[in-house]
Amino acid sequence: MTTQTLTHVANPELAARWRRATEEPAWVRWTLIGVALTFLALFLVLPLLVVLYGAFEQGLQVWWAAISEPDALAAIRLSLLVVLIVVPINLVFGVAAAWAIAKFEFRGKPILISLIDMPFAISPVVVGLIFVILFGSQGWLGPWLAAHDMRIIFAVPGIVIVIAFGTMPFIARELIPLMQQQGKEEEEASLTLGASGWKTFWYVTLPNIKWGLIYGVILCNARALGEFGAVAVVSGRIRGETNTMPLHIEVLYNEYMFTAAFAVSSLLTGLALVTIAVKSFVEWLDERNRPAIASH
Amino acid sequence: MKKILRNTLVGGLATLLAGSVLADNITLLNVSYDPTREFYREYNRAFGDYWKQQTGDTVTVRQSHGGSGSQARSVIDGLDADVVTLALAYDVDALRQHAQLIPENWQSRLDKNSSPYTSTIVLLVRKGNPKNIRDWDDLVRDDVAVITPNPKTSGGARWNYLAAWGYALKQNNGDQDKAYDFVSKLFANVPVLDPGARGATNTFVQRGLGDVFIAWENEAYLSVEQLGKGQFEIVVPSVSILAEPPVTVVDKNVDRKGTRKTAEGYLQYLYSDDAQRLAAKHYYRPSNPEIAKEFAEKFVDVELFGIDEVFGGWEKAQNEHFNDGGHFDSILENIARR
Amino acid sequence: MFFSAKQRRVIPGFGLTMGFSLLYLGFIFLIPVGGLLLYTSLMSWDEFWSAVSHPQVVASYKLSFGASLIGATINLVFGALVAWVLVRYRFPGKKIVDALVDLPFALPTAVAGIALVTLYASTGWVGQYLNVFGIRVAYSQLGVVIALTYIGLPFVVRTVQPVLEDLEAEREEASASLGASRFTTIRRVILPSLLPALLTGYALAFARAVGEYGSVVFISGNMPYRTEITPLLIVAKAEQYDYNGAAAIGTVMLVAAFLLLLLINGLQWWTQRRGL
Amino acid sequence: MSIEIDRVNKRFGDFVAVDNVSLTLNDGELTALLGPSGSGKTTLLRIIAGLEQPDSGRIRFHGQDTTDLHVSDRGVGFVFQHYALFKHMSVYENVAYGLTVRPRSQRPSKAEIRKKVMHLLEMVQLDWTADRLPSQLSGGQRQRIALARALAVEPKVLLLDEPFGALDAKVRAELRRWLRRLHDEIHVTSVFVTHDQEEALEVSDRVVVMNKGKVEQDGSPEQVYDNPANPFVYQFLGNVNLFHARVQDGVARIGSVSLAAPEYAGQRDSRALAYVRPHDIEVLGDRRDDALHAQIELVSVVGPTVRLELRTDNSESVVQAELTKHRFRELGLGQGSDAWIRPVNSRVFLEDGELQAG
């Protein structure tokens, strides 16, 4: 019997067929991988290729001409300006909200979290509509704003507000679970060692949430650049003035300047890709910095 | 931000210095509809030169384009337009109805009902006219797919709709019910309703959808010339509508900004010979008959009817056909029910 | 008092962070949303009801919610599959594929719409082959589903992935040692643990899809009663100066969004309670 | 520095965590707060530290009221149960943290900080780990770093929350002795929380036993162990056998066995419970009148001691006895043998409601 068992183990065919309890047979594995990759290729890679192909179809020069044209530059400038305003505000908000929610117990917390989530679920079109109803010259605050010569919609402030609205949850959403999971022991330790609140935040909390923060900023940034529906309603589409990059793309598309439209799109897509690359790099750094804790 | 601040400052200064000899930098905002992009791009340059010569002032004209109705809405909601150049009088009149931005008599302030150029509605078909489309009648055939934007959101599409309706009235001795049936059949052949004229052009030209595209004359020519040389043909129907896209100064805005003089000059200049030729170049029919003659072979002579004679003016047409509960709504409902 | 800590806390900054959060939420969120609700509440009930129950509007709800449901369901199935493949298997290029999943978050919706219609129109790269089989994607309800699937794709993957990563192998091994087949183990042990994450991702993808505008208008035919989504209808109403109608429908969508979020947070609460 | 806890109360919702506790902890003493989980000991420690605010009552350090002093100004060293080391900082940076975050005017020079940190690291015998990250250390090492970090700011009092709770038995025992030695060296008033009676008895100068938010007993380890104030303390401090007894006039009777119970000198016949520790049970091989007959059910040898489980005739419960291996061999008993047992030391508590003046 013993000998037989030994031969069994040594049987290469059986050894090859041996698999872990948590594994599927190879053919199942490869089928699943195949199906998943086909799905992703159809839904993610192909649209990406369309944009890149459209942008570079007529060569680099045409591409460059399209994105260095004054109206395109104005759109790029505006989008960057909006991002420069919106991302820091949402960053401060995200950190503040996450701090309040993760470090303290108070009543109404689930409501607060739901409120922060709301922009995920509200149609951008409704967002635009709300601001027109409020700030349009036929709206409630419109006459007052006009009397004080202030412009909100059809100007940069309106664009900033709707984009801030739409991108509000990204950083907060990233930080809240992270900070909840980290608890507050390290902060308490810092306080017992005599550090002030700000110093505790700066030296202890911030380094701990750094990666989550960066990821949140990256996503917020991408969404802020790409927001379309709400901006379309409140921008007024003044060429070279209140057209953001996505609106400018639509304008170009509607002017039958497809290559130019795709060129500016490719810029945004490129940004998205860079964003994703940065994110992956960030995660890779994170993993490397977290030395493997002796496992199993 | 900076620009808006500058505009306000410049506007204020302009008021202060009105009549002085100092040359100004003036910025105008022209809020227009979709198909005028190419025309106004060129016209703005021409006007800039002309105005500099006349007054020494430097004028920069900013453009905003979109669906005619949506553009009017933006101006009503506070978009700071100095002039509007929209697809139809109803949209311009909305500025008066909803926000009193312009006076009652706005349409009589400029020549030709304030329409410096006109256009009409034609049919665009694919090369060789494979479905053999000759006139409006062919659009209700079962085997024909028709592309038009949504009349609810697109000014051009309202002209399309009214042109078809007018044709049917003419064929049936003014029988409104028959016209209703005709337009119903036509829209039953429509697979896609883009919100704007440009979107519809893209659908027909780029995406290859549909057999015939009801379009502004100038859009049709643009497609033939620019988008796909040799891929499309224009079919001029037996009768069509005289489309008059009107222009006006937005009084409340120009008075506040102190840009009235320039804005009025901007619109006046549309009637100049140079501007009329420029309009013709971009396939708009010049309203000046002299200039129109120069381009006689460019624009096919077609029997045109006006909106006032057939539909009793825009107000009435809008109420009967396009407002909620109007004919168009009921047509869509009937199609959906089938 | 809501939003006030029970008492003075040792960790500082509650007043500051809570105050700023509420101020910002108030300015950027509560005032506008409250404004919309107030605006709608000033309408008479009849006016409101006739605006939100018109057959054309109801047809658009059916499309918006129906297509979102289908899109979210597709994402549920394939999102779970993608998450599974990304967590459990090794294959070349896995990192890149993992990174690409976020693309729909980052790509502007208008660009996505243009790219999708370029692909799926009957002259497009994919559309021309589908056309041979008589399948029309662009300008049909199928197109709406495709666009809504695209924009909701990252949600399920990104909610399921971390849970799957944290799943202990022990439970699967226990199941296998008790004689369960691999399929049974997945069905009886793994799937129930993933369920809350799956549902959360599903609800988020659904909520996002219902409100989507930018990408859909390019690929949907926008035909009333057939391929017109609710957000487009709101735009159309607004452009005809019918702000009441637009606000009424907007309110319906807002309430739907809020209910969805309550559902999502309910699911999360349920998840926590079950200690999964 | 002495710590005075004056009528402190703390509730969490309906749960009473600390119930009107008053205590004075003397300067330089190492005190153990001992109790089961939920007894309020950690909450009390956090109140002393300023990490929790009491609902009422005062905390004084050396007569000075610190109740409203913020934790960062209180000058306590706190060692957390799970160490709470800053993950992203090296060991050196962790220990130096308290010094580097001081306002510039009070901050020592870099060289001074370096000297101090290295000294502390040497003291905890971990100077060679200075450049490592906490995640690269073992649990025991992390604990010592956490202690060094707390000591770096020269705290007036040192507070430790279950300092050895997360460590394995051997490391615990080592660290315990090490902490004792350390305390003897630096002599800072220290309080540590534990649920392990052995730990409390071995390390501390003084043991405070807590239960349900109240102090059950407060005294030296010997006092607490030898003279438990009540049944709870008795049971909590190690294994114990319970015998039903009757008490009359200073004598407790368990069956045929009589025990002196002088504290009940005037007591009339009452029901009582006698608490006897396993090592206070004498096991005999031969019959004696003042002993109870029992049968040995289980013999287990744990190192040098032998633990027996015996069943007496009149009892359903099992009696545990502990004796040396040497003595067990002398007796020549084995599993199933008859034996006679006799409590040599016991503590008798009357059953509820039986106390009455005689």
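The chains carry the letters A, B, C and D, assigned in the order they are written, with residues numbered from 1 in each.
Here is the rule we go by: contacts are C-beta pairs under 8 Å (C-beta built on N, C-alpha and C of every residue); 3 or more make two chains touch, one makes a residue touch a chain.
Treat the numbers as computed from the prediction; the structure is a model and nothing was measured.
Trainee: If you average the Cα atoms per chain, which one ends up farthest from chain C?
Mentor: That would be chain D.
Trainee: Could you tell me the distance, in whole angstrom, between the mean C-alpha positions of chain B and chain C?
Mentor: Result: the chain centres lie 38 Å from each other.
Trainee: Take the average of all CA coordinates in chain A, do the same for chain C, and state the distance between these two points in whole angstrom.
Mentor: 15
Trainee: Report, in whole Å, the distance between the mean C-alpha point of chain C and the mean C-alpha point of chain D.
Mentor: Each chain's C-alpha centroid was found; their separation is 55 Å.
Trainee: Can you give the whole-Å distance between the Cα centres of chain B and chain D?
Mentor: Inter-chain centre distance comes to 89 Å.
Trainee: Where in chain D do residues touch two or more of the other chains?
Mentor: 50-51, 70-71
Trainee: Residues touching two or more other chains, restricted to chain C: which are they?
Mentor: 9-10, 232, 235, 238
Trainee: Please output the residue numbers of chain A that touch at least 2 other chains, ranges allowed.
Mentor: 132, 138, 188, 191, 196, 253, in rising order.
Trainee: Which pairs of chains touch one another in this structure?
Mentor: After working through each pair, the chains in contact turn out to be A-B, A-C, A-D, B-C, C-D.
Trainee: With touch defined as at the start, can you tell me which chain A residues reach chain D in the complex?
Mentor: Touching chain D from chain A are residues 185-186, 188-196, 199, 203-204, 207-208, 290-291, 293.
Trainee: Help me check something: in the complex, which residues belonging to chain A touch chain B?
Mentor: 81, 132, 135-139, 142, 146, 149, 151, 153-157, 236-241, 251, 253-256, 258
Trainee: Show which residues of chain C lie in contact with chain A when the two form their complex.
Mentor: Residue positions touching the partner: 1-6, 9-14, 16-18, 20-21, 24-25, 28-33, 35-36, 39, 78, 81-82, 84-86, 89, 91, 95, 97-112, 114-116, 118-119, 125-126, 149-150, 153, 169, 172-173, 176-177, 182, 204, 207-208, 210-214, 230-232, 234-235, 238, 243, 246-247, 250, 253-254, 257-258, 260-262, 264-265, 269.
Trainee: Over in the complex, which chain D residues touch chain C? Could you list them?
Mentor: Spelled out, the residues of chain D in touch with chain C are 50-53, 70-71.
Trainee: Considering the complex alone, what residue numbers of chain C touch chain B?
Mentor: Touching chain B from chain C are residues 55-56, 59, 117, 121-124, 138-139, 217-218, 221-228, 232, 235-236, 238-242, 245.
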